[in-house]
């Protein structure tokens, strides 16, 4: 059963140095507040797993949290490159970053296999691509009926998966809607699950076939309003595109990056203070 | 370029759309000659009908205007791999003369690259699962290259050389649409051949902007000029987008 | 794009003798009207596919439509046995019935593989069961990472899948809600799809993450109010439990079965007439 | 029998429920000592809290009272095979002394059976994927047999003999609850042993109702009598069910 705790407590208790950690959310509902908290708590040697390591992992990598990255597309969506991600791979700053690189379809399949209790995933993938030459986790398998050769990759089982969601009820049942991405699979593939939410409500008011994570598959629920900023929470606030553009400048040089992180993340006690400090107030939208 | 790409898209076709230029062109098509084109974004939005261009592949506008929003594993398994997509509409960092795509590394080696690019995303499976693929890319000697530093997603050469007996359902990247013209794969050799130029462009200019010895079709065409309707629709789309985002997403 | 036609036309045009046909709906939304229409049109030598061949396939088998059955549980839910299904397997009446028998998890996996464009499905299944001895479609496969041996079965690709749904809009987009079963997978695995619906509406009014079949994956939409009776349509009418109990008596003997079918199905022009004839009026419920 | 089975279910456990007797017992548990038991039906309903017993595995009542309703492939893949289920709560047509289950054919051969039963349903995977399994079954020489005509879903003997190195996550069918008493598997031999009898039943009666030479535990217990609260809750449940369905589902 999910317990309702502060994000600081959840991160301290459930995420340890050396863990494999998946912060998921496909453009939507990216758990930035949780990423910041792991940076503040100086988590080290993490294996970071994420289909699209965008700003959140750029920040964690640049602050030295990661030893390894499992991913399929590393860019600043709609803007360009991730400078800290690039710097780590190209020059090893601030620490060498081993990478395990896949395609989106494969990452999704690996999470699905993990959620499904299967040791591996099968897909029609990578035909003619150089990726399998550089990733030993991509093998092949023969169909026992047609003889076709398909790609096979091992299931993902993060030590901890961390999500942001719109809301939870008092029992800890979580509702996610809009672009639901890979969140359900990331949660069900993981050993432990932390969910930050915009709010706690009496009644989830979920449609019958909505994406609901029952309380008993969630370890901790933490209330962090605006916790997906600069990503967005459908029905609550929009994506802060201006911040994503500004990040390109902030993160381009190591010095400006460190100064910004030291001031707004390391120098703040929690996400609420960060939002005031950075001026990154999520604008609550009206059609909620 | 956006207009030429938009024209290429047939009404009613099911299109798996990449962000940026492909998304701009696909939506322009939807707002002009192809109102019933079905736009699928890898974020899981099926039948998205955005009024402003999305900045990211998972903008809320896509979810709000879609016929339905499914999970990311579902979009790749049931809809792409399941063979439901007519057209993959993609960007790239580099292509070669057989339509192979690089979006991974430039220079150096994979382990120690000079420039690290974002990586594969959905492309390796889009190029083989969609019935046909069009690639949108600005043309110069750094983007249209003799030899790729890395094959992220395979075009024709690699398909024949390396598919290893795996059945490929699609026809692959048949069409490249650049800011200079249109290249199509020669059915006999699979090599990309210049088949059309945009108004005001000459063949010499296209050759000089291509890293390989570019073949030019005998019946080289000139892309018809943008119509007033097309230009107005594109201008309005960009204006709405700029007003919504404070920036011109996908603008040329 | 889905075309709006009568069920009679859809069945005549899209379903042919010898086809493999999946009428799906897990207890909920079973396409009885469509099954009756195939009986009326005297379809023969069908391969019938369905996880739970309940009353609908008992009727089709007893009326001689089927040469083969692919299934995982054949009973009258909450009541007992299917007498026509039993009679066909035990004595070959009215025609021999070849069977291809699986577990639920496997049938679901086979449909999923079909919808996913994969040639086979992988599952942890059948350990210690006698079923694989009698079904050559159940093979094994070794995980290329762990060496574990798992079950593998071929993808299902029905010639036609037939569903009943709550509603469609004028373009032919279909909304299914409540217990959604295996319907989406059955539709996406099939070459052609017929959907009967309770009603056509101007606006589907579907929640963002609802189970929607877009118009362009559906061949035909047919309006057949009450078309799931004696099964139910969530939000429209309840399951007719009394009919399911009565079916046990009707179907027990060949003569009573044939007399009932001749009178109420063969002797009626369509489902509306059948409902009047059999007194099987679906009771529309209030919370619609 | 329903009451004894209900008692066995721990509060807070996640229970994959078969229709009929298991469903009646699981809901009785939920309405008495185990309000937080999580009931999953294979129709995809998670956390169902029906006020009347469902007649079918997919009654609307289950969907209306569930925390969420997922697809059938999802329930089997993510929730059952994914290892999320604590207890499988099942019925059967026949069992043997090692908890193997037959729900396929009786008499004759598989291809020409004397009696054709409904078949496997979800059971073959429930017995291996759930952490523990309890089977509810009326006890007589036709249901508790020396040798099964067909092993649909495997118990202990088959597990050790035939798993072929596949890792089984669950402990298997540890408990059989019948109308006469309770059998548990001997941890040493995996054979089912009579460990408790319901009030008014004698060991001789149980032995005579068992098709194999039944072993009886040294410390054979007597099931405590149903309490007034249990009886009232069961009576009310059946009364509500009868009023709703016009029949007494799962009644003994």
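When the chains are written out, they are named A, B, C and D in that same order, and each has its own residue count from 1.
Simple rule for what comes next: contacts are C-beta pairs under 8 Å (C-beta built on N, C-alpha and C of every residue); 3 or more make two chains touch, one makes a residue touch a chain.
Remember, it's a predicted structure, so these values are computed and weren't measured experimentally.
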| item | value |
| --- | --- |
| Where subunit A and subunit D overlap in contact partners, by chain label | C |
| Steps needed, at minimum, to go from subunit A to subunit C via contacts | 1 |
| Interface with more contacting C-beta pairs, comparing C-D to B-C | C-D |
| Per Cα centroids, the chain farthest from subunit B | D |
| Distance from the mean Cα position of subunit B to that of subunit A, given in whole angstrom | 27 |
| Subunit B-subunit C separation of Cα centroids, rounded to whole Å | 40 |
| Between subunit D and subunit B, distance of the C-alpha-averaged centres to the nearest whole Å | 55 |
| Where subunit C touches two or more other chains at once, by residue number | 117-118, 123-124, 148, 150, 178, 180, 184-185, 208-211, 234 |
| Junction residues of subunit D - those touching two or more other chains | 63, 69-70, 77, 81, 129 |
| Those chain pairs that satisfy the touch definition | A-B, A-C, A-D, B-C, C-D |
| Residue ranges of subunit D touching subunit A (in the complex, touch as defined) | 12, 14, 38, 46-47, 63, 66-70, 77-78, 81-84, 129, 169 |
| Residues of subunit B touching subunit A in the complex | 19-20, 42-45, 54-60, 62-63, 69-73, 76-77, 80-81, 100, 104, 110-125, 128-129, 150-155, 158-159, 161-168, 245-247, 249 |
| Partner subunit B, residues of subunit A touching it in the complex | 26-28, 51, 71-75, 77-78, 81-82, 85-86, 89-90, 101-105, 108-109, 111-112, 123-131, 134, 148-150, 178-182, 184-185, 211, 232, 234, 238-239, 241-242, 244-245 |
| Complex contact set, residues of subunit A against subunit C | 117-120, 122-124, 139-141, 143-146, 148, 150, 152, 154, 177-178, 180, 207-211, 234 |
| Parts of subunit A lying in touch with subunit D, wherever the complex brings them together | 1, 115-118, 173, 184-185, 188, 206, 208-212, 214, 216-217 |
